[in-house]
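Listed after this line are the structures, all set down as structure tokens.
Heads up, the next two complexes both have chain A, just with different partners, chain B and then chain C.
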Partner chain A sequence: MDYKSIKKFTMKILNSLKTLTTGNKKLPQTASGLALATHPQSGTDAASHIEIGAGSNAHSSVGSAAKPARMETRGLTVMYGKATGVHNISIPIHTRKVTALIGPSGCGKTTFLRALNRMHDLTRIARVTGEVLLDGKNIYDSDINPVLIRRRIGMVFQKPTPFPTMSIFDNVVAGLKLVGIRNRSILNEACEKALRQAALFDEVKDRLGDAAVSLSGGQQQRLSIARALAVEPEVLLMDEPTSSLDPQATNRIEELIHSLKKEVTIVIITHNMQQAARVSDYTAFFYMGKLVEMGKTKSLFTNPRQKKTEEYITGRFG
Partner chain B sequence: MKNLRYRQYRDRLMEMLLVAATIIVLVPLLIIIVHVVVNGFSALNWEFFTEELGSPSRALQERPTGLVHTIIGTVVVDFLALAIAVPVGIGAGIMLSEYPEHMLNPTLRVMNDTLNGMPAILKGLFAFVLIVKPMGTFSGISGAVALAFVMLPIIARTTESALLSIPWTIREAGLAIGLPRWRVVLSTVIPAAKTGLVTGILIAFARAAGEAAPLLFTSFGNNYLPNHWSGFILEPVDTLPQRLYSLAISPYAEWHAMGWAAAILLLGFVILCFTAARLATRKRFKT
Partner chain C sequence: MMRLQSQVKSTSILYRWLGDRIFTVVVVLLGASIILITAGMAWVLFDEGGLALREFGFFGFLSGTTWDPAVQLQFGAWPFLFGTLVTSGLALLISIFPAIAVGIFSAEYAPKWLSSLIDNLVQLIAAVPSVVIGIWGIFVLAPWMRETVYMPIYLWAETSAPGLIPILGHPIGYGMTTATIVLSLMIVPYTAALSKDAIESVPKEQREASRALGATRWEVIRMAVLPYARSGILAGTVLSLGRAIGETMAVAMLIGNKNTLPFSIFGAGATMPSVIVNEFREAVESLHLSSLMAIGFVLFIIALIVNLLAAWIIRKYSISGGKVV
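Right after this comes the complex of A and B.
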């Protein structure tokens, strides 16, 4: 071992110590220990990684605190009983980019997306094989707690899903409040931040105590997004988030996606080719449970390598 | 050819049939209530609520007599049964609806339906073997256990359907923000299903409160107040449906009148519970 590498190593340790202490100093005014664990992108990344149970990752990620999660799938296959949902998908999920999944109905987009944060755990007949790597660690490993995975990989659904008995405020901070964060100022701060991110704050700031179900459909969907953002996920999965919305609300959500990708990696399913072209950086085309091709959105739409892709994006089938 | 007029006519006809069905449901209920109140009202007096029944001679000699021990006994036994049945029943209901992938789920479903269809008197026999035999005496607690077995499958089933009426997407939304499963059920699904849950518990309660058969050889019946309050749990206890039965088959006209009054009480008890629960579960948010 030469001098340089030793110095580098020492610096790394010093740096990580620094991060930890500054993180601790911030404790009183910003967040409790629990809140820290939910802020994986803040200075104290270590906390969340240790919680995930990926012991080997904990060390390395201390040194690279600001580095966001890297995600990819390797040979991911989902079976429903004997039927195959998706077969052998290996794709990278580019960090802080928007990846669009397109393809005709029933091609396995949703199945694939739900495999990315272990939503299939609840379906008895679904069986997932292959790997989903988050920072190099397979989220299907037996020492991984799916609940903690879902804090890092959030999800927004096709239809708005406000919790019906809760107020707007309680909906947004549900992911914090229900795991034991009671500090009012932390919750207020998190609520405002998430609502601003979801471009909903100005519309609801005077009626945060109202029922979430009193909002319009488009507002409810943005509320669902705000709720997912409040736990500060590193990756956000969106399953046709605009399919039940009017053009104006769709527009707002697309703008939202655009501004979000500065901080969050996004995977979005859409049936709308224009939308895929507008919002995404990369596009993956699925057909009959298989990946046909994936590439930069621009080149996939202007110059598809596969005939199937071309036929689909020009509207000849699907 | 079915023209528009014919279809409109048929629509009206169907509507009338539905109204008729509604009336057929309501009329017997009204007849029962009116009949019970007319017959029993004369026997309702102050002493009815403050005196114990005693021997038939009390009524025959027009000495003060009443059903205070029955009223207290009913409340004690029914609520004991409720306390036993609600946690278990809700738990089983949550298992049925929220953990469909669990190994035990299909078995639980079949067993629960079997328990629901089982004659109530068998549940009394079961409680007899389980509690009365080892204790060596009929008791309020054994009656409560028997009634709990009446309530249990109803609560489990209504809990299941109340929870299933909440869209599955709510649960997924909860999981997607990193909440553990039990937390999702507790904080999002159950509050949304609250009205259904309470209604289910009430149906079970009302059903059990009217059962006489399971109590015949468990709480057994008693003409007197116990010497100590624990007697309502550990000694033979009187309950309204069973007292109603024994008053009705007695050979004394005075006791028949008291039987009608007991029926008024039983009806009033059930109606009171329903009203209270409706008030308690008024929606926080208007939807």
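Right after this comes the complex of A and C.
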């Protein structure tokens, strides 16, 4: 029995149950309390059960993006030797929402972001303390493999970073090949899906074999996003993804972020206040390595609680 | 303040004009002199070797298999060209992977102190004069190879596979294999250092991009580092080949110096630099001298080709600013 025949079968039961209940409705409501209590009741029960079953089935076929993990930080501190990168940050990262990190340059935004997928492991002098909880589990626990964490929490950098010796296609599926997927049709499908998500597919569909570096800067950045999305991460971290792009390319990336948050939790650093206001649901304002305040983007921009925040968003410094 | 400014201006106009001119002239002269010296060297070698090249023809000289300065006065460079190509090529093959591995280890895996220790050792090996390496080869490596490798194999062949004897050659210890091993040791530092440079110049962003995709350390190297560094590594290898081809003293001390084909695996042979250094003082016949010069000219051309090849590889395959150029 395959999936389709099961579906057909359940639909049949569902339909017959429906006619049963509607048929029952024609009966006088008060006629038989017993009949009403048994047949239609069990009918709706079965129907709702099947609905849920079918629903969850459809979801699981979407993949890991179906149910992104919950994420939050607790007392997160990053030190570079004796210097503090960020100090004692405790914030929630809302699931399937866009969280913007803003603040003057050098305030620790990048430092904080890189702590979220253990990128500091690569920097010798960086030391991370505190917790980053992913579904309640600290990703810095000793039994956690950082490689697996980075597969669940993708990252897009300030500058586009295509692998220069690889084609467009190979760039997109690079992460999938890492996990051992070699099946051409799976790779093709994943490549197309990721490129579509990154709103790049139509521009490159006829030249997937071309070198990735033949693309324009904006296209390269969308390619970097597609590459990060291809492994179906639950969280996507973006460090000023539009800072090296022209307004038009920036626009496209912003639209992209908007459509992506249906499936992926996004944390984005931006220098640009308007951008934070446009794309994010929540905003965290950092200043000198500390969190000044975090809240719904709208309320933070229209009604900041802290004076520092107000000064920054009105452009008095930064 | 104003006075100071006018002062600066009046002295600096002439100074700057003149300084600029002088600097330009000096730079151009120095640059041009390098070209002139190189061209002059090539010309001298070509001119001095002219007698032999006219006598045998350029390609006839290259492909001539007889080198007989005593009786026939016949000079063909093929035995030495062959010896050079075989020893250098094999030395490159033997050394390339260990050397690249050293480069990768030093650049990517070793902690800082170990990495700098390796770098210093590598530089030390490169700095040992080749005559010292030759002496070490004569007193340590060659006898050891003879006792532990050549002799047992030779004795085995004598009883079990006599057909192999001519190919193996006399196991005197000094010969093609010993020279090749020493050559490969001598070029490891170059390939390793150049590979390490190439690996270290891979931008941090490339490594991080692959890390962020969930690559392990080795996967980062395979996916981002080696492809990016490939031109540097390849060019480094070619330059090391150039070193091997030009290496003179150690090879001359260890290769056994036999002027006539056939060469054998363990037996004596010769290379272009080794025959020059061995026969130069004894060459009385002008055709003999000219033939040695002609070999020098061929070596010069090979060196030129190798360097051009390295430059071409760098131009063709190097990556700058994310663009393949």
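The working rule: the second predicted complex is superposed on the first by the 251 of 318 C-alpha atoms of A that agree within 3 Å, B and C clash if a C-alpha of one lies under 4 Å from a C-alpha of the other, contacts with A are read in each partner's own complex, and residues count from 1 in each chain.
We take it that a residue touches a chain if its C-beta (ideal position, glycine included) is under 8 Å from a C-beta of that chain, and two chains touch if they have at least 3 such contacts.
Please read all numbers here as calculations on a predicted model, not as lab measurements.
Taken together in the superposed arrangement on chain A, chain B and chain C clash. In the superposed model, A:Arg227 makes contact with both chain B and chain C. In the superposition on chain A, contact of A:Ile257 is made with neither chain B nor chain C.
By the touch criterion defined above, A:Ala211 lies against chain B and chain C together after alignment on the C-alpha atoms of chain A.
By the touch criterion defined above, A:Arg151 lies against chain B and chain C together after alignment on the C-alpha atoms of chain A. Common to the chain B and chain C interfaces on chain A are residues 117, 119, 122, 147-148, 150-151, 154-155, 157, 159, 161, 163-166, 174-175, 178-179, 211, 213, 224, 227-228, 231. Interface residues of chain A facing chain C in the complex, by the touch rule stated above, are 117, 119, 122, 147-148, 150-151, 154-155, 157, 159-166, 174-175, 178-179, 211, 213, 220, 224, 227-228, 231. Residue ranges on chain A touching chain B, taken from their complex, read 38, 117, 119, 122-124, 147-148, 150-152, 154-157, 159, 161, 163-166, 174-175, 178-179, 211, 213-214, 224, 227-228, 230-231.
On the chain C side of its complex with chain A, the touching residues are 205-216, 219, 223-224, 227-228, 230, 319, 322-324. Across the complex, chain A is touched by residues 100-101, 166-167, 169-181, 183, 187-188, 191-192, 194, 284-287 of chain B.
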